[in-house]
Amino acid sequence: MTGSSRYGVIRTPGGLSLRFRPRALVVAGGCLLLALALGVLLIGSGDFPMSPPDVVRTLLGNGAPADSLIVNQIRLPRVGTALAVGAALGLAGAIFQSLVRNPLGSPDMLGFSQGAATGVLAGIVLAGGGGLAVAGGAVGGGLLTGVLVYAVAGRHGAHGQRLILVGVGVAAILTGVNGYLLTRAKITDAARAVLWLTGSLDGRDWGDSGPLLVALAVLGPVVLVFCGRALRMLEMGDDAAHGLGVPIERVRLILLAAAVLLASFAAAAAGPVAFVALSAPQLARRLTRTAGPNLLPAACMGAALMVAADWVAQRAFPGHQLPVGVVTGLLGGGYLVWLLVTERRTGRI
Amino acid sequence: MTIRQHPTSGGTASPSDGPPLSGTETGGAAANGAASAGTALSDTVPGAAGDGTAGNGAAGNGARPPRLVGEGLTLAYDKRTIAEGLDVAVPDRSFTVIVGPNACGKSTLLRALARILKPAAGTVVLDGERIGAWPAKKLARTLGLLPQSSIAPEGITVADLVARGRYPHQGLLRQWSREDERVVAESMAATGVADLAERAVDELSGGQRQRVWIAMALAQQTPLLLLDEPTTYLDIAHQIEVLDLCADLHESGRTVVAVLHDLNHAARYATHLIALRDGRIAAEGAPGEVVTAELVREVFRLPCRVIEDPETGTPLVVPAARR
Amino acid sequence: MSSVPLGSPQVFHATSAQSPPRTAPPEEPAPRPSAAAARPPASRRSVRAAGLAVSVLLLLAVLVLSLAVGARPLSLGDAWRGLYDSGSPAYTVVHEMRLPRTLLGLLAGAALGLAGAVMQALTRNPLADPGLLGINAGAAAVVVTAISFLGIGSFTGFVWFAFAGAGAVAVLLYAVGGGRGATPARLALAGSALNAALFSYVNAVQLLDTASLDRMRFWTVGSLASAQTYTIERVAPFVLAGLVLALLLARPLNALAMGDDSARALGANPARTRVGAIAAVTLLCGAATAACGPIVFVGLMVPHFVRALTGPDLRWLLPYCAVLSPVLMLGADVLGRVVVRPSELQVGIVMVVLGGPVFLYFVRRPRRLGTRRRASTGAAPEVAAP
């Protein structure tokens, strides 16, 4: 039974077979449960506290009408947005890290978050726009950055080193441009823009996260089911993957597009929340202890991280709510330093 | 001796089923005694060439048409041209070795034959069909490649890595058949890495790791196998170990094409030698005929004597003394 | 021992000019395609010296330009008179606005360019730039903390915090850059991640404190506009100290370029050189960032350009950088004053717009960055088990 000691296999008499890693499924399931449990806790907390059983009852449609209003109209959309943003960032981060073969290669390092931010700042500063301009700016900015990076890196260069370097350069340029746009803004707009740049879940409703949920529902299966195995082959280098019959350029283009879209829609919903895309795949892979992109566990881990960060953000300073991006930024920054110090010996960073 | 015949490309159904390995005799030099395990090899020989072209072609004796042919190849990276108008043919069931000085285009040629590098002009033809027209997975079931630089994903086990060689045989709903399992086990046995199955690839020595990669290429079950410098960075014992393994693969019926640095290794193991210099073929043919002092001087700019290898009788290049 | 070369092969090549004439070394195929490299060494040295003189002239021209150009353009004569004649109508403009700004550009430009060159030598990494790698952001983060939480408002107060931040990031980056198999891409990515972390922190602080946001949003893009004589007086000693230290390190850093073992074999002390280099980078970046905010790409562009002129010998490279970086810095500042008149574009922004494409060009150029084949591949026995 070589090669299958860590795998579960289901075979049908018709010659069909499915292979899966039980440990990865357990990790993914565990993270999902944790995310949902934290979500319930989060829904139950606030100025009008509710016990977790009450929350669950209300969510199932059997709660008191007053509870129902608070839960379904105010708090559930926020938690739902958090879950979706976390999952999208985790998935996008896992794809990027796998494609560039570096644990730091997440969309916030490679210019895509900055691109989304540029779009939003342009929307806020130049058009003085509201919610729709912000969301559209985020998606448009992210996508344009994706096209730019792909064009500069070149069709054959969209991997590893070249993609990283181009991404870093574009990120630096866009950071400068964002700073400039910020100086052009009125101070009230600037404050709003900085809040958005940090990443916040305040007052999010289904209208904010709707597009993201659609994107997740469409792109998630595409990535997980159809590209997952090819992505695993790509980790061995282009030549090896090519030798195994992976149409590398097509697969990579699909994956890049999906990751950029996921990151951009997540940014549209909650702003460029820092470091979830970086740390979720890393934490997930530490738990699954298997090589490979670990896409599903990373997505679930991202959701759990995001909800946990929002919980901390609301509770850390009583009477003072922080934007969720501050929490992920601080935690992620610490994690990054730890990663830099410990992982450098292996030469992977 | 430079055979540069253009094959009549046309639906030449190629002979396919490999003859069972007849008692592999590994040359006494096998390093860790790991390169033998010949019995398993015979099973891993693919039953079919390509995908259903299992027509039993006339069992030509020696006069088989080459399956893999490059015609008028111009190879270039960006603007830098490596080779122009190159014609190569890989004889079927041969152990073809490409040699030449650094930067002569050996690896580039191999990459073109494997469809990794698209030639700027000319075509590579496999089984009578332009290689660019082959569907990726079908090609990967016919032509295996051991690239020069492959990356072992961090923490991956030997068994997992070898199992990845089954990718071209798998699909969304056919992810891990009993056949896959059997072939992976056999490939590991054939390369002598079965004992390492659950070890992480990162922890292995260079020689072990190279055998794992070869096992992965083996698990692909291709009748043709291209190896890009399989012995680089290995010590002499491991080099011989890997080359013995390649010879075993060849004897079990595969067509093996390798790029090698060491001319003596090439002369000892190859059945067909292609010597490149500056992107053109300087000589081509059986090592016993091709490897001469003049050729070495022409190709490597090295004065030398060619004597008979006392072990195998193949040519042995001895560089001239300094005087 | 005075002229014993401690440097790279190119250094041997260059210094052999000091040995008696007519012993020109057998012509080695120079690895660099630049025109200067093809010349025989003796004339090459004089070309370098002449080039340096031309660079100084260029710097003087830009200094004058920076004094004259602005919202209220002055003729060269007016600018000159404004410099010394207190009765001249231009005196106030020149002394209150243009002169401090010009001097700050001179200091900050030299500091960042030198810091970039030293970083590149230290990490043996052509993409090292104090801004890109997060050193300036480190200084910025600590300065923002000092402003917001500790209520420190004076430059003298927060310059020390800037040093602390720059130094911490420099040490961390060196630790990463010195790691096994740290390629340019990996180091750049580590720097980008640090940048992201530090800027998200700066953002967070700004968010909690709108008043400081208003001040800091101009500072964090990098600007020379707010320069005051007072700031210059404070920042100059640090920059000068860093400048001297960096120039003194040229020779040992040359030796280090070939790797620790070769450096040791040549009699250099790698550990001491490294400490010195990190100290120099910290001084230069900390002072520059404290004075005008985090500015990216100066330290990347200038050394690259200079390397094409001088080759990799730091004894020439560093002085060239010290002279030409302010040219770029002041040129960008002047450009920023002109393009959107009557408003201004901060020099940090101009630098990004100019430097970004240059960076992408370097990245796209094949070979230059040496994506080493086979490096850290699974198949190579680089990490072989014992």
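For this structure, a couple of remarks:
Letters A, B and C mark the chains in the order given here, with residues in each chain numbered from 1 onward.
What we mean here is this: a contact is a pair of C-beta atoms (placed from the backbone, for glycine too) under 8 Å apart; a residue touches a chain by one contact, two chains touch by 3 or more.
Not measured: the values here are computed from a predicted model.
Which two chains touch most often is answered by the contact tally, and the pair is A-C.
Chain centres defined as mean CA positions place A nearest to the mean of all protein CA atoms. We define each chain's centre as the mean of its Cα atoms; on that basis subunit A and subunit C are separated by 35 Å.
Mean C-alpha position of subunit A lies 43 Å from that of subunit B.
Separating the CA-averaged centres of subunit B and subunit C is a span of 50 Å.
Counting only residues that touch two or more partner chains, subunit B has 148-152.
Among the residues of subunit C, those in touch with two or more other chains are 376-378, 383.
Across the assembly, subunit A contributes 236-237, 346, 348 as residues in contact with two or more other chains.
Subunit B meets subunit A in the complex at residues 111, 114-116, 136-141, 143-157, 159-165, 167-168, 170, 172-178, 181, 184-185, 188, 194, 197-198, 217, 220, 228. Per the touch definition, subunit A reaches subunit B in the complex via residues 1-7, 9, 11, 15-19, 101, 225-226, 229, 232-233, 235-240, 242-247, 289-292, 346, 348. By the touch criterion stated above, subunit C contacts subunit A in their complex at residues 127, 131-132, 172, 175-176, 178-186, 188-201, 203-204, 206-207, 210, 213-214, 217-218, 220-222, 296-297, 345-346, 348-349, 351-353, 356, 359-360, 363-364, 369, 371, 376-378, 383. Interface of subunit A with subunit C (complex): residues 102, 104-105, 108-110, 152-154, 157, 160-162, 164-173, 175-177, 179-180, 182-183, 187, 190-191, 194-195, 197-198, 236-237, 274-275, 278, 322-323, 325-326, 329-330, 332-333, 336-337, 340-341, 344-349.
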